[in-house]
Structures are given as C-alpha cells and as structure tokens.
Amino acid sequence: MATCGLIEYESASPEVRAVYDDIRAARGTDYINNFWKALAHDPPLLRRTWESIKAVMTPGALDPLVKELLYVAVSATNQCGYCIASHTASARKAGMSDTMFAELMAVVGMANETNRLASGYQVEIDERFRV
Amino acid sequence: MATCGLIEYESASPEVRAVYDDIRAARGTDYINNFWKALAHDPPLLRRTWESIKAVMTPGALDPLVKELLYVAVSATNQCGYCIASHTASARKAGMSDTMFAELMAVVGMANETNRLASGYQVEIDERFRV
Amino acid sequence: MATCGLIEYESASPEVRAVYDDIRAARGTDYINNFWKALAHDPPLLRRTWESIKAVMTPGALDPLVKELLYVAVSATNQCGYCIASHTASARKAGMSDTMFAELMAVVGMANETNRLASGYQVEIDERFRV
Amino acid sequence: MATCGLIEYESASPEVRAVYDDIRAARGTDYINNFWKALAHDPPLLRRTWESIKAVMTPGALDPLVKELLYVAVSATNQCGYCIASHTASARKAGMSDTMFAELMAVVGMANETNRLASGYQVEIDERFRV
Amino acid sequence: MATCGLIEYESASPEVRAVYDDIRAARGTDYINNFWKALAHDPPLLRRTWESIKAVMTPGALDPLVKELLYVAVSATNQCGYCIASHTASARKAGMSDTMFAELMAVVGMANETNRLASGYQVEIDERFRV
Amino acid sequence: MATCGLIEYESASPEVRAVYDDIRAARGTDYINNFWKALAHDPPLLRRTWESIKAVMTPGALDPLVKELLYVAVSATNQCGYCIASHTASARKAGMSDTMFAELMAVVGMANETNRLASGYQVEIDERFRV
C-alpha cells in the first residue's frame, strides 16, 4: 500500500478513470500496476507522468526494448526496488532474454565501478571529449 | 591530471605498456584516454578493469551501441562528469545519432523522476512483479 | 530490529535514558522511534545526533513544516525507506496536507529528472549563476 | 557549452522560439539560461520539461519559495553543480535570505547523515510509520 | 529469491560448481550466500566477480578488516540493503567490534553530511588540494 | 569562492575566529581550508560541524588513517569533487601510501559494482545475515 493507499478503478474519479482507461488500452491489459494507483492521489501528476511516459517510451530512434533496458539501468543504479521489479518485468515483456538481462547487469555493474574510479582518481576530462 | 598524475606510454612499465598496446589495438587508435593513464598507477587494477571492460562491452545479445547507451545512462544518473563525457564520445563513435542521444536523455530523466515518485509514495511491489 | 537490536528505555543506561527523556519531552509523547533505539548503541552518537536535530529542526527563518518537507525530499532522493516513512509521518504531524505532499513529490520528481538532463547534456553553468 | 552546443534565440526554430518566448514572459526577463538552450536540441523534450516545470513550480499549497528550496535540497543531495547554481539563484530571487539558505543547508546535511545512519544500522520501520 | 531464482550447488553446471568450490575453500565454509547463487545465472560474470573480489579483498597494504569496513561504508552510502547486511556480517567475522561499527557509522554519517554542505555551499577546491 | 564568498580570519566575528583558532591548533597549521570559510556564514553550523568532526575523527577503536580512508570512500561514491580532493589530501597526511590509495579505490570500485548487481538481480538477504 502506498502512502495514501491505492486508488482502485471502481472508486476513481472520472479524471483518473480516463487515464486508467488509456493505460489499459495502450498496454492491452486490464491490469493497472500499483505505481499508477498511488499517483492517482494527484490526478494532474498522474496524467502528466503517464503522458510523458507514453511520449518517452514510444518507438523512435531507439526501440522500446532498448528504452526498457535503460530504465532498468537507471533504477538499479538508484537502487529503487519498485522500479527494478516493474521495469525488469516490462523489459521481459518487450523481449529481453536472460542473456540480455545478464549483459545489461554486467554493463551497469562496470559503469558504477568505473564511475567511482574516475572520480576517486580525479581524472580530468580529455581535451577531445570536451564539448 | 589525476591524483597521482597521468602515466604516459613512454614512461610506463612493460606491464602497463602491454595493456596500452591492447587498448590501442582494440580501438584502432593510438590515443589512450586519461582514465587509463590514471589507473596505470595500479597495474593490476588497470589490467583487471580493461579485461572486464573488453569482456562486458563486446558484442553479444546486446550490441555495442546499446551497451554504450547504458553506460551513459548510468553515468548521467551518478553525475560522473568524466564518464558522461567519455562515454558520450564512445557512444557517438559506436553510431549514436543526435536523435538517439535525445531519446536516451529523455528516458534517463523520466526514470530518475519516477524512481523517486515510487519511493516517495512508498509504492509496494505488485505481487505479479515479485520474483 | 537494527544491527545490534533496539535498546528499550527499561534496559538503557542513564546516559541513554537522559536523551530518551529529552526526546519524549520535546515531542510530547512517550514513544521513542526505532531510529533512536538503534543509535543508543553508541551513546555519544545518540546525543550528538539528537542535539543536532533539535538545533537544526527548530523554528527559525524556515518553519518546522518546511524543514520536514526538505527532510522528505532528501530522503526520497536517496531512496531511504526508513527516513521516508518516519519523516512523512513527522511532516504530517507538522501540518502537511495531502495536497502539500502531492506538490512536494512533484517537485522532487522534477528536480531528479532535470538534475540528470543538466548533467547528461553537460550544460555549463551560466556566468550569472557563478558565485 | 552543452553536448551539442547551445541554441540561441536567433537560430532557433519557430517551435523552440515559442517556448523561449513563454519562458521570457513567465519570468519577466529576456534571459534564457543554458539549460533550456541545451534542451532545445530536442524540441518536444524542451516543451514537455518547460510545461511540467511551470505546472509543478506554480503557487499552490506550497509557495514558490518553498518549492525552490526543495529543488536546491534535491540538487545538493545529487551533487548536480549546474542545478545547485541555477536553483540557488532562483531561490534567492524568490525571496530566500542568507539565514534561510543556511537553515536549508543544515537540514540537507542532517538528512543525508541520518539517512545513512538509518540504513547502516538497518533500522526497521516502526509499525506506526507503516502505511 | 533473485530475479531468475537462485542456483543451488546440486543443480549447478560444472563451471559454476568450480567457482562455488573455490568460494567454499577460500572462506572455510560450505555456505554459499545468495549473491553468488544469483550471479550464477551468468557464469562468466560469476567467475569474473569472484576473481576480482578475491584480488581486491586480499590482505595488502590495507588489511581485510579495513577493506570490509570500506565495503560497508560504500554500501550504506548507496543504501544497498543486501550489501549492508552481508558485508556487516563479513566485517564482524573479520574482527569488527561493536565500537568499531559505531565509529564506522559515525564517519559514514558525517561524510555524507559534509559532502552535501561542500556541494550546496559550492565550495571551490583549495589550490593546495588540486592535483 | 563559495555561494556567499569565503570568510577570512581577519574579517571573521569572534565566534568564528574561536573555531578557526581551534582548527589551527588541532591541525598544527595556520591554514584554514575553504570548506570552513564557507560554513562560517552560519557560525552555529560551523561550530557544530567542527565539534562533530573532531569527535568523529579522533583516534578510537579505528585509527585516524582508517577514518580518512572511509571518508574518501564515501566521497568518491557520492562523487563530491571537493571532498575527494580535501580528504585524499588528509588521508595522505595521515599516512596513506600510494599502495593504500590504490587498494582503497579498488574496494570502492568493486563495492559500487556489486551493490548494483545485488539490487539489479533482486537478491534477497540470506536468513543468516538478518539481524
């Protein structure tokens, strides 16, 4: 349960229901996950976040699977339990195989390691990498 | 300059030179970036990190471009200036277009936002996302 | 239970009891939350942390509610489950309404997003923002 | 300069100019800060981020000064140099006094300290703080 | 249970068993903790991580207890629940007393506090600290 | 220069001078580093932080060198440029050799890597590590 409880479809306002309906349609499932039911306490945030997610995660120069992998990479770096669980599930649904997951984790681990080596050793940015 | 200065090829030990040679061969350039020249103060770390990077960033179920995008996503999340600069350069070299970069940033931004909404609202993990 | 267990009032040393008494008096409740019962394993840390909290959270140019909101913002950014739970409770006690909580979360989310856009795009600090 | 350079008003597309015009009008100044000139490489991101910022930072149950303080708190916690500089400036413009800034920093420091004490001591959430 | 479940010795491949055997020998116990059983889904990652841990945590200029304390300091800073729990246990096994743990936590807390004071106050690096 | 400038000894209030004097005496040097000159804008914070640092960094069950290593580990993990620079200098003054620094960085790197592997693989805490 979230801070203020979860808002189910049945008890939701028309404004919230409209977003839930759109989530259901976009995902081809009746299931609304807890994240949205918690945000529903703030209908404008719910709508804004959902519209942004739709815009951001849509197929573009990067395909949806890559975008889900990026989402998991950020969530694991931030140690966000909910986001790791939900976006690992989304990534699998988008086609992430076990091998892809393993490679994803290996890159995330390495990047977190070398980020600290670079800062701890106080490495200056190479002239050629400056923008 | 890094904490202990940068070790140039000319003044490097044979052990360090061997790694530098391998970096040059693998990347098809004589340029060794500052990160490696700083790690060279610890030759076993230099070798281990380079061997790991080679193993991790090699083409696999995920292609090298996707892996570089993941590296940038982690580095931006951690706010590591050196790593953002160097891996954005690597990603471009691996084929990242301006549009891909823009989509990458949009996902990284959204993920960092929703990570905090999920934790701040104390959203519990849905039963179906549990492993 | 914390790493070394929680120290209850009954089994606490006089030094720890003195801090517990002060917490109770300051908060107008007999309840001592787990955080303090864990720190009690290190009485000087317990006292120092409590004295600092009292000094920092006292009404000043910023009122206690604003300070609690800031505490929640930091805790959500760091994804500290205990601190989010306890300081969200404190903030409500200090007068945080549902709407305030929603606005707080919206700001925290946006700030975490734009922090990464700024670093990922490697935006240089404007001359006029330099101090 | 940002990753892809900064886009000035004069060389901006009509789509970008429309956002710049809105920023100028909303802030009562001709100055567009670097953050927006960098995001302008991705006009939909520019518009979405600006619209979200406007919605989020508008006076509500929390006044704009408090929202700017929260923004600084998150940015300092994330160690985002650009965001600390720009939002400290915004907070001052919104009325933050030296004393308020000092109190803000004191709270941010304490919260970052106790976040780690809570997690390091593995403190369990009190039953009464559970939601 | 981890994302893909935990791989027990009995059902492990020879490649994974070889690492498990080495872990058991190095630690003088039959117990393999969950971290390794999860990584076993990616045998090269399992081997690489274990070999790196062995190389890094071995007695050197810093003794193993100090290295475990450093591991806990990083894990508490990152708020990684698993790592705090497992490395606090390792540190105790390596000789960490209650007093050492208390001092460790006090330093970790202070460092996390002053890190944000330094960045929030935008303190410039002293000339003499530059490398 | 910090947000509000640096306060030099000559222009400091008696309250601030008293802390500066104590820093000089404790460190056996006339040099006051920028961090303190920035905090001096908030004399109670200056005093509280200095008193806490003295109490925390004093020789105890852990010696001052180990405490400085821990400080660097946290600062590198948080990517705090100022703190990495100043505490690396302090650690060297306290006796950190090049080899110790190298081992410190190797542990910090590994810990940051495995923290994310543990969270990304959603590894559950072993029963025996639970407190």
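General observations
Every chain is named by a letter (A, B, C, D, E and F) in the order it is written, and numbering of its residues begins at 1.
In this section, a residue touches a chain if its C-beta (ideal position, glycine included) is under 8 Å from a C-beta of that chain, and two chains touch if they have at least 3 such contacts.
What you see is a predicted model, and the numbers here were worked out from it, not measured in a lab.
Compared with subunit A, the chain whose C-alpha mean position is the greatest distance off is F. Seen as a C-alpha superposition, subunit D sits on subunit F after a turn of 120°, to the nearest 5.
Comparing the centres of all chains, each the average of its CA atoms, the largest separation from subunit E belongs to D.
Measuring from the averaged C-alpha position of subunit D to that of subunit E gives a distance of 34 Å.
Chain geometry summary: the mean Cα position of subunit A and that of subunit B are 21 Å apart. Between the Cα centres of subunit A and subunit C there is a gap of 27 Å.
Those residues of subunit B in touch with two or more other chains are numbered 1-4, 41, 45, 49, 52, 55, 77-81, 85, 88, 104-106, 108-110, 112-117, 119-122, 131. Arrangement of the chains shown, judged by which pairs touch: all-to-all, with no pair of chains left without contact. On the side of subunit B, the complex with subunit C involves touching residues 72, 76-77, 79, 81, 84-85, 88, 104-105, 108-110, 112-117, 119-122. On the subunit D side of its complex with subunit F, the touching residues are 79, 88, 98, 101-102, 105-106, 109, 122. Residue ranges of subunit A in contact with subunit D, taken from their complex: 1-5, 44, 48, 52, 55, 131. Of all residues in subunit A, those touching subunit B in their complex are 1-4, 31, 33-35, 38-39, 41, 45, 49, 52-53, 55-57, 60-62, 66-67, 69-71, 73-75, 77-78, 80-83, 85-89, 97, 99-100, 103-104, 106-108, 110-126, 128-131. Taken in their complex, subunit F has these residues touching subunit D: 3-4, 41-42, 45, 49, 78-80, 131.
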